[in-house]
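Chains here go by letter, A, B, C, D, E and F, matching the order in which they are written, and residues are numbered from 1 within each.
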Amino acid sequence: MATSSYKYFLVDTPAPFVAHVQINRPKKINAFFEEMWLELKTIFDTLSISPDIRAVILSGVGDRGFTAGLDVQAASQEGVLAQQAGVDDAARKAVAIRRHVQEFQDCIGSIEKCAKPVICVLHGVALGLAIDIATCADIRLCTSNISFAVKEVDIGLAADIGTLSRLPKIVGSTSWVKDVCLTARIFGAEEALRVGFVSHVLENKNAALGRAMEMAKLLAEKSPIAVQGTKELLNHSRDHAVAESLKYTGLWNSAAIQTSDVERAMLSGLKKTKPRFEKL
Amino acid sequence: MATSSYKYFLVDTPAPFVAHVQINRPKKINAFFEEMWLELKTIFDTLSISPDIRAVILSGVGDRGFTAGLDVQAASQEGVLAQQAGVDDAARKAVAIRRHVQEFQDCIGSIEKCAKPVICVLHGVALGLAIDIATCADIRLCTSNISFAVKEVDIGLAADIGTLSRLPKIVGSTSWVKDVCLTARIFGAEEALRVGFVSHVLENKNAALGRAMEMAKLLAEKSPIAVQGTKELLNHSRDHAVAESLKYTGLWNSAAIQTSDVERAMLSGLKKTKPRFEKL
Amino acid sequence: MATSSYKYFLVDTPAPFVAHVQINRPKKINAFFEEMWLELKTIFDTLSISPDIRAVILSGVGDRGFTAGLDVQAASQEGVLAQQAGVDDAARKAVAIRRHVQEFQDCIGSIEKCAKPVICVLHGVALGLAIDIATCADIRLCTSNISFAVKEVDIGLAADIGTLSRLPKIVGSTSWVKDVCLTARIFGAEEALRVGFVSHVLENKNAALGRAMEMAKLLAEKSPIAVQGTKELLNHSRDHAVAESLKYTGLWNSAAIQTSDVERAMLSGLKKTKPRFEKL
Amino acid sequence: MATSSYKYFLVDTPAPFVAHVQINRPKKINAFFEEMWLELKTIFDTLSISPDIRAVILSGVGDRGFTAGLDVQAASQEGVLAQQAGVDDAARKAVAIRRHVQEFQDCIGSIEKCAKPVICVLHGVALGLAIDIATCADIRLCTSNISFAVKEVDIGLAADIGTLSRLPKIVGSTSWVKDVCLTARIFGAEEALRVGFVSHVLENKNAALGRAMEMAKLLAEKSPIAVQGTKELLNHSRDHAVAESLKYTGLWNSAAIQTSDVERAMLSGLKKTKPRFEKL
Amino acid sequence: MATSSYKYFLVDTPAPFVAHVQINRPKKINAFFEEMWLELKTIFDTLSISPDIRAVILSGVGDRGFTAGLDVQAASQEGVLAQQAGVDDAARKAVAIRRHVQEFQDCIGSIEKCAKPVICVLHGVALGLAIDIATCADIRLCTSNISFAVKEVDIGLAADIGTLSRLPKIVGSTSWVKDVCLTARIFGAEEALRVGFVSHVLENKNAALGRAMEMAKLLAEKSPIAVQGTKELLNHSRDHAVAESLKYTGLWNSAAIQTSDVERAMLSGLKKTKPRFEKL
Amino acid sequence: MATSSYKYFLVDTPAPFVAHVQINRPKKINAFFEEMWLELKTIFDTLSISPDIRAVILSGVGDRGFTAGLDVQAASQEGVLAQQAGVDDAARKAVAIRRHVQEFQDCIGSIEKCAKPVICVLHGVALGLAIDIATCADIRLCTSNISFAVKEVDIGLAADIGTLSRLPKIVGSTSWVKDVCLTARIFGAEEALRVGFVSHVLENKNAALGRAMEMAKLLAEKSPIAVQGTKELLNHSRDHAVAESLKYTGLWNSAAIQTSDVERAMLSGLKKTKPRFEKL
């Protein structure tokens, strides 16, 4: 996949089998409106099945931040509520809103559904929708100057694009989750690391992108059958009882273990060479 | 809600929309017997629907501690086992015990079911039932002198009022959960913070109550639609797969987003004023 | 249970009601092949119902490590893939592999199913299958020199004997889980403690075994009804919604609370004596 | 339990251990308003724990029918929508409606939660809420002149007091369920029997009450431990996977089998006498 | 929606708010290949949100039958297996097959996801994929000359487009389901009616289409808020425990009951007029 | 598999790939005691993996009936209650009983877990355990003289070996299920057919065995990949939501569709010959 020309995102391939997706609206600190999340879904659906990609990095263009979240001004002019202005019936409004929220959720959720691991690099401002997006990624890195906040309650909303569904499942302390979701307070890198929201803190954006690139290259050199299976099975286990996951795992591997990647990986291990794996 | 005269609890309103519930049996370090947990349920069921309350603080009267747990002496004289003394049939005893345990669970669970966020301030002695109660709260603060213990195995019991069901879901380390639940050992503030059981440690009870008051006031100033929705959706996500939670969230917000609170909150944000929200 | 003569494990009773199971193939750093995991199941199934055992310690013989994981050489010669060499039909191979994986999972899972608490002492090399095994134990201790790795992706596999199903549920940070499962990188004691994978780090194997022995003796002195109920109910809560767990707990205790252990434990508490409990 | 004086229900004990509950507002064909379903819950909660009752019959007073359902006129004057007339905020209305619906569901659901088996005798008009109520009973009998309808869509509503949740689980044909729920058409006795909604059709109300009484007496003579366990386990199985139900059943019977009823029942079987069982 | 020009389907609007979708490849007894099921999804996704449609009829063009199922010849030339001919790696083939099957399932599943009720009219030949499609509809009618069969085992396959997942949930007898799915035998109208697979049998295709039209018109005259809510809630109940469905229902109706359709429907009921409802 | 010499069962191979298992204790109308159900498990575990068996018939030796159920006399002398005679502690008894019930459930459940379809032929007396066993089979046939009863409540028990967990899921009418489970009344062939408990009624045992043999031969001639996959996926769907089953099905078929059986089956279809499939 050569550098693609999307409208609101930069997508290129900085290393073999590695894609880098950048949110590209730096003047508005990468704030999102509807056209953007529709494009985001197109990108991740494409990466998910592209045989030339085995790992994805997601970051934001510019110095100011990953994303300031929803572009509230745009949302109030073009969004579902704006469109429903002429509708009086609360039940009919509710149907339209529900459809809109589900579509929005589906777009952001394409990051999680992407078959390839996604490493999210968070820097500077990372508010509201930034958290929804980050919780869909597999691995989160951030810079030491990060400003995170689950901002939605401050505009009269319970966050509805995924944060409340996913955040409690990716960190350990519910007391902390409720604290930041109910108060909408800013939290920083040290706190994010301590509670496990991010797994590494780097000193600045360049360092964080560098670390992400190292990880992405490492993943891209491994068997794509093994890496993609691992992502799928870890996501499955989040939502199922252990016995159910074990059964699903057994079924998964009944085909996956037949891959020639196992032999290649083992031989390379013995010969201390780098294995090469067929496209997937 | 003016200061109410409950028998075993002090309930007052130290700030607008904030309720403070205090366990009030300090001579026995706030140890519980049946009449107390029935009253506790009445209080939290009332707070849950009171339009004048938007945040709740729960603490224990006195210097010695939050609560020493079940009043074992009282339990042995009036409890379900005492009442079943004349019954020989193990199956009939089991029916009576199960009913009793479920009622007890329901009473303590009223804290979790309360629609308003509950901040639990833990100090000094906090044993057995203290943990069952604390795990039902949304946010936990403690003092540096706290003595926590999941004490039940030491009286020949598997804890049955909620600790074993909720504790593994509110902290990150199962190895730690099993350690403290199986050994019944005391653990302190530093450990509680490290594993995420509490989200803040304060130096003493006054400081902890002060911090809780700040948080409660902050929550009480926000849109009650947003705050109560956030609590409900976070509790829902604990017990459901992500896809299920997302669907429920979309349905929830199909009505909630229609609130005028969104507009008020946004305008206040632009004008840098404090929004005022209608009762709920 | 006197010292038993298993082929690949040492099993003895270093203290009353305490069993110590040691993986005993130190020349190969305790690497596993099929006969070994079948024997492991026999041992834990036996311990599970033995009235003379109330707590179990699991460790590896020798200085080099707990276990290096699957003996890949043995696996390639005798394992299910080797046996399927002459089969061409991918669907028939899949059936055989699935059966084999499920049997393997069942053997390792016998540690989790064991009714008595299992304390796992991890030292030195602890790769691949070591993590599958450790995640089945109740409490994990390690030495400061430990080298952990979820190694499977490096041999072209998604780990299928339990790590991907259980690890996300026993530590708090999913970002960390995905990092170590996707990269297969080594991680040490400090990191394992920070994320909650282990609950204690000891300086060396002797110290770790000592600490495990203390814990095991402590558990063995408590009511076996209370201890085994606590293990079962904590395992149940991992896989169920809270309301479901509370209901199951109420039913569990409807019989368990009828035990005379409650009275014995309470009396001993008052008299400051050690209670003695009947066999279970 | 002697004949009780409830306001909208007749409750008496026509045979030992058998209660008969009759909806008693025949002038309005037993149509329901809020006070009535609150009373219904009080009655069934009482029967559930009364040691003098082992089986319950539920029917409607008068010739015209079991119940015409919700008293729409009353609902429009005193119900939740009426009370919300002055509220403009759709989100705040939604909160009030949700609370109201849940309370209503809980009241009707008390029939299902009643520990004793409930036999519902349906005659004449049985519309809307009649179906919600009937689906909560354990066994349904009807008269040949019955007129059933899931009437709610005809007043602009999706039925929300239980019919849509329970009906698909108590009959076999989803095509039929959707037919009657979407069209709101009347269906009669023959059709109800064919799809399994009722298990017996009797020629008139007297005959149906007679048959119900026979069944109730039969159940009342059996071990209450066995009968109530059977009801609970069948309800559990509806909502759980088979493996889960088997586990719950094993736990249930670990106490229940210890009853002396087993010995009494067996001896009576041998001696061809009627066993007598202790109260429960 | 005027008559649309799809390639493999006829779609028109024979009555206000009623769409009629006809599979249109009669020369091949409406057998399906990939392009067709992609088009089917486009159609049902469009109908799902079209404000001009409130009920849908699905049938097959021609005298010979509803559909003979998968066009096996086309499948072997263009399908996923054909495309994978050059791939040796069983694991990589498995990934491609899984993606293909999921896309196929999603296309057929669009019938079930369609917000409007779908009435399926089955006549003549209705094999294999015909059953997958029919199980996605809400109400099934058939002609007396129908020939149904779950045909997949006879081509070496376990049916994978929905029959095995849905059929056991829409009829009552598992013994019958296993009989027809394992033997692949033909079954007719009388049997389909007896087990509840269809809810009505008509003498020929014209009569069946006539009956479907009557039902569709009836549904199209009712409140679309009520009808679409009823479909959604019935589908929800199939996949959830009763307590879960009741909660979801309460939330659903918290917005839906606010519709003006309730008042319109009630007034029309009193005035014996036909209500008219706003678009949805 | 030649005719095997089990102690309480006859097992032979009356046709290629067809096993016939007969309960062989006709003097006691095939009543069961512990040794028998342990042997039953051995037999079905063996058949499950035997490459020479593709379908199984299960019936009872003798004219009097399939089985009279549990041999109550034997149970009272050797069973778990007898063994616990000396134990006073209700909690310890409960542990022993639970283990025993789970083992008993596992033995009977081996029929359901058997990878090959099991056709159960029921004649004459079929009480108590007969129903537990029959509900584990895939297809049930009975003779016109059958006497079925869920007999357990009459000996003071809630049926605990599977009937209460499985029966509500294999027939359509819950009202009927509760009727027969609560009353313990006898029901016959016509009723069993009407509610879908059996799918065919034959005039006598010979005819029923003949019909079962025809079906078994038919299944044995089909692709074992297809047949066994169909059984597994139908059992999976019983216990899972549709979306979950579809996902599992897609994964299952990602390996299964790669079988050469598909090509063989299709070719045979074209050539009108009988396909031959490799062993599985």
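One rule holds in what follows: contacts are C-beta pairs under 8 Å (C-beta built on N, C-alpha and C of every residue); 3 or more make two chains touch, one makes a residue touch a chain.
Since we're looking at a predicted model, the values are computed, not measured.
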item	value
Touching both chain B and chain F (chains)	A, C, D, E
Chain C and chain E: spacing of chain centres that average the CA atoms, whole Å	48
Geometric centre distance via CA averages, chain E-chain D, whole Å	33
Inter-chain centre distance, chain B versus chain D - centres from mean C-alpha coordinates, in Å	35
Interface hub residues of chain F, defined as touching at least two other chains	90, 93-95, 169, 171-173, 195-196, 225, 238, 243, 251-252, 254-259, 261
Chain contact topology (line, ring, star, complete or other)	complete
Chain E-facing residues of chain F, complex	117, 138-140, 169-173, 195-200, 215, 218-219, 222-223, 225-227, 229-234, 237-238, 241-243, 245-247, 249-259, 261-266, 269
Interface residues, chain F side, partner chain D - complex	72, 76, 81, 90, 93-95, 97-98, 101-102, 105, 109, 152-160, 162, 164-166, 168-169, 171-179, 181-184, 195-196, 238-240
Residues of chain F defined as touching chain B within the complex	90, 93-94, 243
Complex contacts: residues of chain F adjacent to chain A	248, 251-252, 254-255, 258
Parts of chain D lying in touch with chain B, wherever the complex brings them together	49, 88-95, 99, 225, 228, 255-261, 278, 280
